[in-house]
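Shared chain: chain A. Partners: chain B in the first complex, chain C in the second.
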Partner chain A sequence: MNIASLSTDQAPPISVPLRFFAVAPLFLVLAALMLAMSDGNPFAAAQTPALLAATHCITLGFMAMVMMGATQQILPVVIGSPLPASRWVAWLTSVPLGAGALSLCGGFMSGNARLFNLAWPLLGVAFLVFIIAAMLSLWRATAKNVTKTAILLSICALAAAVTLGILLARGFATGTALDYAALSVAHITMALGGWVMLLIVGVSYQVVPMFQITPAYPKWLSAVLAPALFAILLLNLALLLTGAEQTWIAAAGISFWLLAVCFALVTLKLQSQRRRKVADATLNFFRLGMVSLLLAALLWLVALLLPAFDMPLRLLSAIAFIAGFAMSLIQGMLYKIVPFLVWFHLFRGGVNAVKVGIPNMKEVIPERLMWWHLRLHGGTLLVALLAPWWNPAAWLAALGLLLQGILLGYAVFTGIAVYRRTLRRIELLAV
Partner chain B sequence: MPAQAIQYLDVRWLPPPEPFEHIMDALNSLPDTDALQVLIHREPFPLYDVLRDGGFVWQVTAFENGNFEILISRAT
Partner chain C sequence: MPSIAEFMQDNHKTCDNDFALAEEAALSGEWEQAQNAFIIFRDEMARHFRMEKEQLFPALTAAGGPGGPVQVMLMEHEQINDLLRQLEAALSSRNSLRYAGISETLLIVMQQHNLKEEQILYPIADRLLVKDSAAMLQRMQAA
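== the complex of A and B ==
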């Protein structure tokens, strides 16, 4: 990261990213409630209504909410190009995304066509506004780096995932005859393998060396990983939509997972070479995420070898990817981003801020809370991986998710309270 | 007026914004006639604006191993 570009002029107001981070934990609570409301074990099959609803609550309401908020903060910092009309973009993405996620999850739980018909235009608006704004920012940027490429490709993948998702939601609502199996796989692949994976790859190139004080990612990896992953995803999409032979689709899948394994192993190696061997909860969230990515790859590859266990193994791979890889990284990064933003925006108070005394970044969210969350998250992941076979584990996973949502929400609001309290003292001094 | 004494601060391999926090703490308690010599693992560009606003002058030395030495004192 060129820290020179971390200028106070480029960064959006703190309310822009924080509104996304404040709302997102609520969707973890809702996902837990949807799992708890299921008739029987929601993990018994890959597409039970409660599991579909809870999954979209997490991927849209939690993950996309945080990722879109974070991207609006990251783009100005990493490529020196802010999103246009940042406050408008924040409103026009966060509100329809939240409302759309709620409607879609309601649709999955109830099977009500009207909710699907409400959901897809709302989600369409949220993502369209975000994609256009992010593309404008990328287009205007003069900086060229591997993170910019990864974020660009991630947003292209998001556009494909959203198009496929809208097609599916409209199809459910109208009862249109579609190849739902192929479209669902294509949608999941572009959303998780494209949007989520590529954004994490791009952000990791900056966050791991800078905040975890490790060597930089090797050029042989950072120069080719995101374009190679994206090329494989496009090939996979073409194969799926043209009804190609399973052998070719499997070959594309194997290539994707081998690259993902490569990314996880290199990240873990870099983290083992960090300059300060100090225990850090956010680092451990990151490590748990990388180990989960390895597990997701292993389960997917074993599913190819054991066709009789294809369904449960692929379901476990998806759990390891979403709950293990993506959620660990997103929550770990939130525990870095929120204190950093609070500190950074208070620091903008200038001389009065220095007189009042800006809280140390480590004082914004108590570290022990992060460690409790890490343990809770690890436990939730473990029981979620047992849930397809052991009914009590499904309820424990729902309980774990509920507690995580509450804990994360409390942490984010603690950060906001510290910001408001200190800002008031700075303003009083200025009067 | 040359600085009477130099205080040393090593903030290498601290994650952001800890180097900045430590430098600010050290500058707040720095006697007017002293200088602060900071050793850091990357060039702290955002620090320079703050130093300028705070009435400080500084000299930067880049080392071959990637570290930087910033010698800060009050502007006379």
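== the complex of A and C ==
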């Protein structure tokens, strides 16, 4: 029996998610180079050109790149509805996203208006295509669950974050008078607190119990968390854009972070109750991520109490959120997704695949690579948190980021090489 | 009385726990314990597959349920059975490293399979088989 011929699975071809994962590590390398090219310590202020450029390399080129690729893979499994025209969507999102991220970073580094004017339409196309495709998939889905709600809200937040980002980039390019301070806070909040946070929440509901065999998230949390976070974000957006009093904005911020703390604590508790006790690099990436989320919340709340230290504390909170929380989870997830995809797509080779012998998940990317990456990532995070005060730490953080990009890129390409090699052997047998 | 979805979801959890016990024993080199835990796990999986293949899925397709996804689920049962056979081989050659790699693969295959059933197929079954759900649960328990 040819197993492959039976397959009516809705998973996209392997090239769809893998192209996103293969390109993403390059942007970590690029972010490191941006930091290294800075005049003086890039972490000395919240908005140095090098820090802005590096941050967007990471959030657009790395995080959004992986998140959009992974969404294509996850939606069919979680809600039973694939993204329409997956190959087209993959091309029309990955290419303009990569090109847009490059030109935006160039724009921040050089201050060149033409690069901003090139960046915003490219990024606009990438996100518009992704948002439309994801919304169509969500609309067609028959399944109703908490993950679907969280993903839907995260994509709404993404739409808002992108609109604000485009306004800002166009504003920089044309020199339009805008309330840049309020708009950037609104942009950052919608992008990180909305798109990133809500997507992670929704995906965690599924993967935390799945990878480690833990109890499910309690209903009191999973039913309300994403809608509550989203409602707070909308309120916060309205307050920011109407120039409301700082007290109200602070109150919205406090409620957001308290919910985030709740999510992190519950996740850590569930993981401590896991049935599967074997050592696992992804589990540790996840725990580092959740502890970083707690740290991000703590730093933000302390900044409210100590207005004199507002700047370094809020910058540190953002570092803990992006590098600690989001990057840990994304990298940890990649180390499960890539080996699984390689195995899964090779298995479709049917009887010949079984004869050739498909490498199991631990034979796709060597485990010791993941453990090395975990240590390197933890070290990079630590020095990044010291960087505003200690110049050598800034360079070490850049070096750490560079090595992480190289290591992750090597890991993904090792996976692709294993896939190609095995596929060739399967095809030879079929001839 | 539980719904079909609740009953089957509980059975997935039982299988998950049995999986974890076997894996832990095999990876710590407790081979006798691993052998016993593996047999419990393998038999529980076989029972779950029987419930679906012999009772739930035929009733579901007969009631006008989706044929395509049912076929995919049956194909994934074969994938899982193949991995179970490989696990058994790793167990009899007492190779923890090999066991770890296969069980990692099996876990993800099994979990994404369960997720698709729990999110999509079982809710459809509850809707289409609402009148016979008590009888269906009884037949599945006897499988």
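Throughout what follows, the second predicted complex is superposed on the first by the 423 of 431 C-alpha atoms of A that agree within 3 Å, B and C clash if a C-alpha of one lies under 4 Å from a C-alpha of the other, contacts with A are read in each partner's own complex, and residues count from 1 in each chain.
Throughout what follows, contacts are C-beta pairs under 8 Å (C-beta built on N, C-alpha and C of every residue); 3 or more make two chains touch, one makes a residue touch a chain.
What you see is a predicted model, and the numbers here were worked out from it, not measured in a lab.
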First (chain B), second (chain C), both or neither touched by A:20: neither
Chain B or chain C, by number of chain A residues touched: C
Touching partner for A:172 - first (chain B), second (chain C), both, neither: neither
Partner chain(s) touched by A:277 [first = chain B, second = chain C, both, neither]: second
Contacts of A:80 with chain B and chain C, given as first, second, both or neither: second
Partner chain(s) touched by A:108 [first = chain B, second = chain C, both, neither]: neither
Touched partner set for A:145, first chain B, second chain C, both or neither: second
Where chain A meets both chain C and chain B, residue numbers: 3, 6-7, 210-211, 213, 275-276, 340, 343-344, 347, 354, 360-361
Chain B residues touching chain A - in the complex, by the definition given at the top: 12-18, 21, 24, 28, 41-46, 53
Residues of chain A touching chain C in the complex: 3, 6-9, 77-80, 142-143, 145, 206, 210-211, 213, 275-278, 336, 339-340, 343-344, 347, 354, 360-363
Touching residues on chain A, where the partner in the complex is chain B: 3-4, 6-7, 210-213, 275-276, 340, 343-344, 347, 350-351, 354, 360-361
Partner chain A, residues of chain C touching it in the complex: 16-17, 19-21, 23-24, 27, 68-69, 71-72, 74-75, 78-79, 82, 86, 97-98, 100-102, 104-105, 107-109, 111-112, 115-116, 119-120, 123-124
